[in-house]
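Shared between the two complexes below is chain A, which has chain B as its partner in the first and chain C in the second.
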Partner chain A sequence: MFASCADPSILSGLHWLACYLTTAKHISFYSSFGTVLLLLALAAPAALLLGFAGALADRSQNWLLALLGRAYIAMVRGVPDIVFFLFVPIALDQAVEYIRNILFCDERAASVWQGNDFVVCAAAKMPLSSAAPFVHTLWGFVLALTAFAIVFGAFAGNVLAGAMRAVPRAQLETGAAYGMTDRQVFRHILLPQMWIYALPGLSNLWMILVKATPLLFLLGVQDIVYWARELGGSKTSAYAYPHPDWRVWYFSGLLVFYLLLTFVSERVFGLLMTRLGRGQALQGARQQGALGGVL
Partner chain B sequence: MSCLASLSDYGLRAVGVGERLLPKADISLCEQFVLIGSGLIWNIYFGVLAVALGFGFSILLALGRASQQGLVRRLCGGFIFLFRGSPLFIQFFFAYEAFVLLPKIGVELDFGLFVLSAETRWLTKAWAGALLVLFCNTSAYTAEIFYGALKAVPSGDMEAARAYGMTGWQRFRHIIFPSMLRLAWPAYTNEVIFLFHATTLVFFSGFPAWRQSGDALYYASYFADKTFNPFIPYPIVAFYFILLTLLIIGLFGLAGRWLNRHLPQAVRPRYRFRLNLLR
Partner chain C sequence: MKKLIIAAILASFAAVPALAQTVRMGTEGAYPPYNFINDKNEVDGFERQLGDELCKRAGLDCVWVVNDWDSIIPNLVAGNYDTIIAGMSITAERDEVIDFTQNYFPPDPSAYMALKGAAGSVASGVVAAQTNTIQAGHVAASGATLVEFATPDETVAAVRNGEADAVLADKAFLDPIVAESGGELVLIGGDVMLGDGFGLGVRESVGALKAKFDAAISSMKADGTLNSMIKKWFGADASTF
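Moving on to the complex of A and B:
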């Protein structure tokens, strides 16, 4: 990075540390914090959208749609989320390759699962083996993002379905008595009012999402956990900057990062709740926030 | 190989009894079912012990957080914040690395005749180290629930107790504690469910699976790696965990009924799925 860092072996003290902390690998480490924040920024709206769709399907008159919606938002209740995080990316990857196998392959194997392998022809690989490394990284990230969106969509579906149920029935019936159609009641009465009931749940969800981001590591993305392990491991004198096992320091750094993130989020949601709750009689919503806390 | 054979080979594989080598080729459905089921022993071990031990500690933490003494309150609040504010995954990693370093950083006690340094080595094993982390983690989450319930104990009850001349301990024993437990029970049920779910993280976060003795998810991902087919092992794990979750809801429902036995049916708080407790 700096010209004075050219020969690390003659450096000492703070100067050594400054040079050490600005190596190319450390820059990758710092930018992986950006990866985490990017994932949060993309996964939160995607999950909200999926959750909204799930909650709508749950209320649907169509029994098939209602069943699908109910199954989707109920799936996270009994099964650990990590199972989904391991399952969804690989299943999705195989589904895409399976479809491409049917579309692009001239000679197809009898079955894609043969013993210890998943067999598709070279043209069906996703991404193609000739693609740039960047594409592989991006595809990995997209798979991880999809897994997050699906799992957290199910959580959000639970929150939003609960919030829709929490809007007082009398309000909806009043709307109907004024001659509104179901659609109008939904659009003008239910939708504007449900958010205040959903906010405590959604703020919890945000905290859960923040605390689930290190699971990116399990999905093969080079995230902060990956770099912390990589950089912290003891380095022999074969390396430019030899040091003993420093992983515990790197992980304490991550710990502080997450504590700060949740602390700031909690404050922001607290402010938001007071602001949105102004002038509303919301014993239920407030209690939900008090018992169990926002964090 | 018949199903009975795989049951005797792999039924207790997760605790090191039975066949040493895991199935490698021609993996049958039975083997997957049995081995993943045997991994569940670890999930239950972690879950049951962490919940049982964490229950007592969390009550102390909750009382400490509600304490009049500034220092006690801050310490307990800090502990709760530390474990609730950071991801369990990172806590596992951090704890493992810290436990690995422990014997090297002068915890060695020289008694002249023998040196007590290997004593911390067992903390690097999952059965102890991960259990310690899970214990602290669930204690913090449960303490927050109990603290909320503590604040929700009706003040009229307290005034009545004081009017009867009850001492502090008597008030706690007969008024605060039962009410707190009763109010917190549905949320606590939820916490226990998610703790059991969280035990699946142990073998993916630093703690090595010694001699390939892992939990249910460890074996499921092993099978998914070996067969390249995720559509069989993961649904099996899901199946086991749904059973486990139903069992917990059933048991805690019974306990909740017992806690509320003096109340009329209609006003008893019921278990509702809540989200705020995933780590």
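Moving on to the complex of A and C:
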């Protein structure tokens, strides 16, 4: 990166270390922290949205919708996460290529399955083979994000459905007594009050989501775990900066990062709990909050 | 959400026609000097240089893709990239799933590496090897206890920290590690000949690509450039064609 780093073999001490820590590979390592934070920033609202839809479907008067919502929540919660994390990106990737194969290929093979191979024409590839590496990385990230949103959406759905049931019935009936429609009761009474009941469960979910981010590594996204292993492994002089096994230092760095992240999250959720609790009859919610924290 | 993403991406790519044939070269990037990721974050090593030359001769536009060894064959048949060039030995089992070009690297010895003065035996002790390699298969059949690791580096680390008595790997991979260990590590038990050399892995359904690479490898064998490339990376007394 710096001109003085041109020949690492003659460097020593701190100068060597400074050059070592600013190689292109290390820059990728540092930016992969951004990848993890970006995943969290996108997966959390996406999961919340999916969860909200799931919880609404679960409460729906329409039996088909209710069945769909219940099936989604029960199925995803009942299957090991890792199975979904491995299944969703592959299935989604191949589904997209299958559809593109029908749309964009002039000469289509009889079947996309030929022996072991999944074959689509060049124009149906997702992304195209000629696309920039950045696009391939982005697509991998989007697939991973979708898997996170689907899995954590089901858990969020369960939490939100429980929170909706926890709002005191008397409150809703009072709304009805004032002549509010079901929709108005939901919008003006249930929705503002449910969050205090949902928060303990959601904060747990957030912690689990934070700790699940290394699954990105499993999905082939070059996240911080990938780089810690790659950079920490012992290096012979085939590399410009040979060094022995330094994985313990890199993984210690990750440890600090995750501890900081969860520590800050705890504080933020604490503040949020106080803020949302204003003006509410909190006795019930506090108790539930304490329970939720244990669960 | 999912549908939105799909729709957006379908739309954004709809207008782009496929032009030149881009071949995506899949490699592991963790097996120096065959293939590794250098400090500039680029794929480097013998196979990088060879692959670029093969693509030039075959008139292909090549890009490099790094993929874990564990999933390197599944991701080839799923179409994530078009070739495997990752020090992969041509074996009958792999040939049932994918196709290989002719070998671009001659059959080369593997070797056991252990801590100097260690008491363990390679015939009955604990031997480390990378998952899904011919070395792992050999250890499993040899009567020793096999411990498998996802990356080559982890197999070496296992020997250093005493988790395994020895590691079996390609000798050309172990040689620099032994040389730079300051006498801590040694090769033991002599050479073990495994496999029929390395070939490029391609999907069974793309015969044309295989033919192009076969022709390019033949031409590099014929004019001696392949041999000089092997000597450059593996020393003057490396086995050549």
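Keep in mind that, in the parts below, the second predicted complex is superposed on the first by the 284 of 295 C-alpha atoms of A that agree within 3 Å, B and C clash if a C-alpha of one lies under 4 Å from a C-alpha of the other, contacts with A are read in each partner's own complex, and residues count from 1 in each chain.
Everything that follows uses one rule, which is that a residue touches a chain if its C-beta (ideal position, glycine included) is under 8 Å from a C-beta of that chain, and two chains touch if they have at least 3 such contacts.
Fair warning: this is a prediction, and the values are worked out from it, not measured in the lab.
Visitor: If you stack the two complexes on chain A, which partner ends up touching A:Asp245: first (chain B), second (chain C), both, or neither?
Guide: The answer is both, since A:Asp245 touches chain B and chain C.
Visitor: Applying the document's definition of touch, where does A:Lys25 land relative to chain B and chain C: first, second, both, or neither?
Guide: Second partner only.
Visitor: After the superposition on A, what does A:Val225 contact: first (chain B), second (chain C), both or neither?
Guide: After superposition on chain A, A:Val225 lies in contact with chain B alone.
Visitor: Classify the contacts of A:Asn204 with the two partner chains as first (chain B alone), second (chain C alone), both, or neither.
Guide: A:Asn204 contacts chain B only, not chain C.
Visitor: Examine A:Ala154 and indicate which partner it touches, taking first as chain B and second as chain C; both and neither are also allowed.
Guide: Once the two structures are laid over each other on A, A:Ala154 reaches no partner at all.
Visitor: Go through the superposed model and pick first if A:Thr213 touches only chain B, second if only chain C, both, or neither.
Guide: Touch partner of A:Thr213: chain B, not chain C.
Visitor: Could you say whether A:Phe87 touches chain B, chain C, both of them, or neither, answering first, second, both or neither?
Guide: Once the two structures are laid over each other on A, A:Phe87 reaches chain B alone.
Visitor: If you stack the two complexes on chain A, which partner ends up touching A:Leu259: first (chain B), second (chain C), both, or neither?
Guide: first
Visitor: Could you look at A:Arg77 and tell me whether it touches chain B, chain C, both or neither (first, second, both, neither)?
Guide: first
Visitor: So chain A touches chain B in one structure and chain C in the other; where do those two contact lists coincide?
Guide: 90, 94, 115-118, 229, 245, 247
Visitor: In the complex formed with chain A, which residues of chain B make contact?
Guide: Where chain B meets chain A, its residues are 25, 81-82, 84-91, 93-94, 97-98, 100-101, 144-145, 148-149, 151-152, 183, 187, 196-198, 200-201, 204, 217, 220-221, 224, 226-231, 234, 237-238, 241-242, 245-246, 273-279.
Visitor: Going by the contact rule set out above, which residues of chain A touch chain B in the complex?
Guide: 77-83, 86-87, 90-91, 94, 113, 115-118, 155, 158-159, 201, 204-205, 207-208, 210-215, 217-218, 225, 228-229, 232, 245, 247-248, 251-252, 254-255, 258-259, 262-263, 290-295
Visitor: In their shared complex, at which residues does chain C touch chain A?
Guide: These residues of chain C touch chain A: 1-2, 5-6, 9-10, 13-14, 16-24, 30, 32-33, 36-41, 44-45, 61, 63, 65, 67-68, 71, 75, 77-79, 82, 97-98, 151, 153-154, 156-157, 160, 176-177, 180, 203-205.
Visitor: Which residues of chain A touch chain C once you look at their complex with the stated criterion?
Guide: Checking each residue of chain A against chain C gives 8, 23-25, 27-28, 46, 49-50, 90, 92-94, 96-97, 99-100, 103-104, 114-123, 125-130, 133, 136, 139, 142, 146, 149-150, 220, 229-230, 233-234, 236-242, 245, 247.
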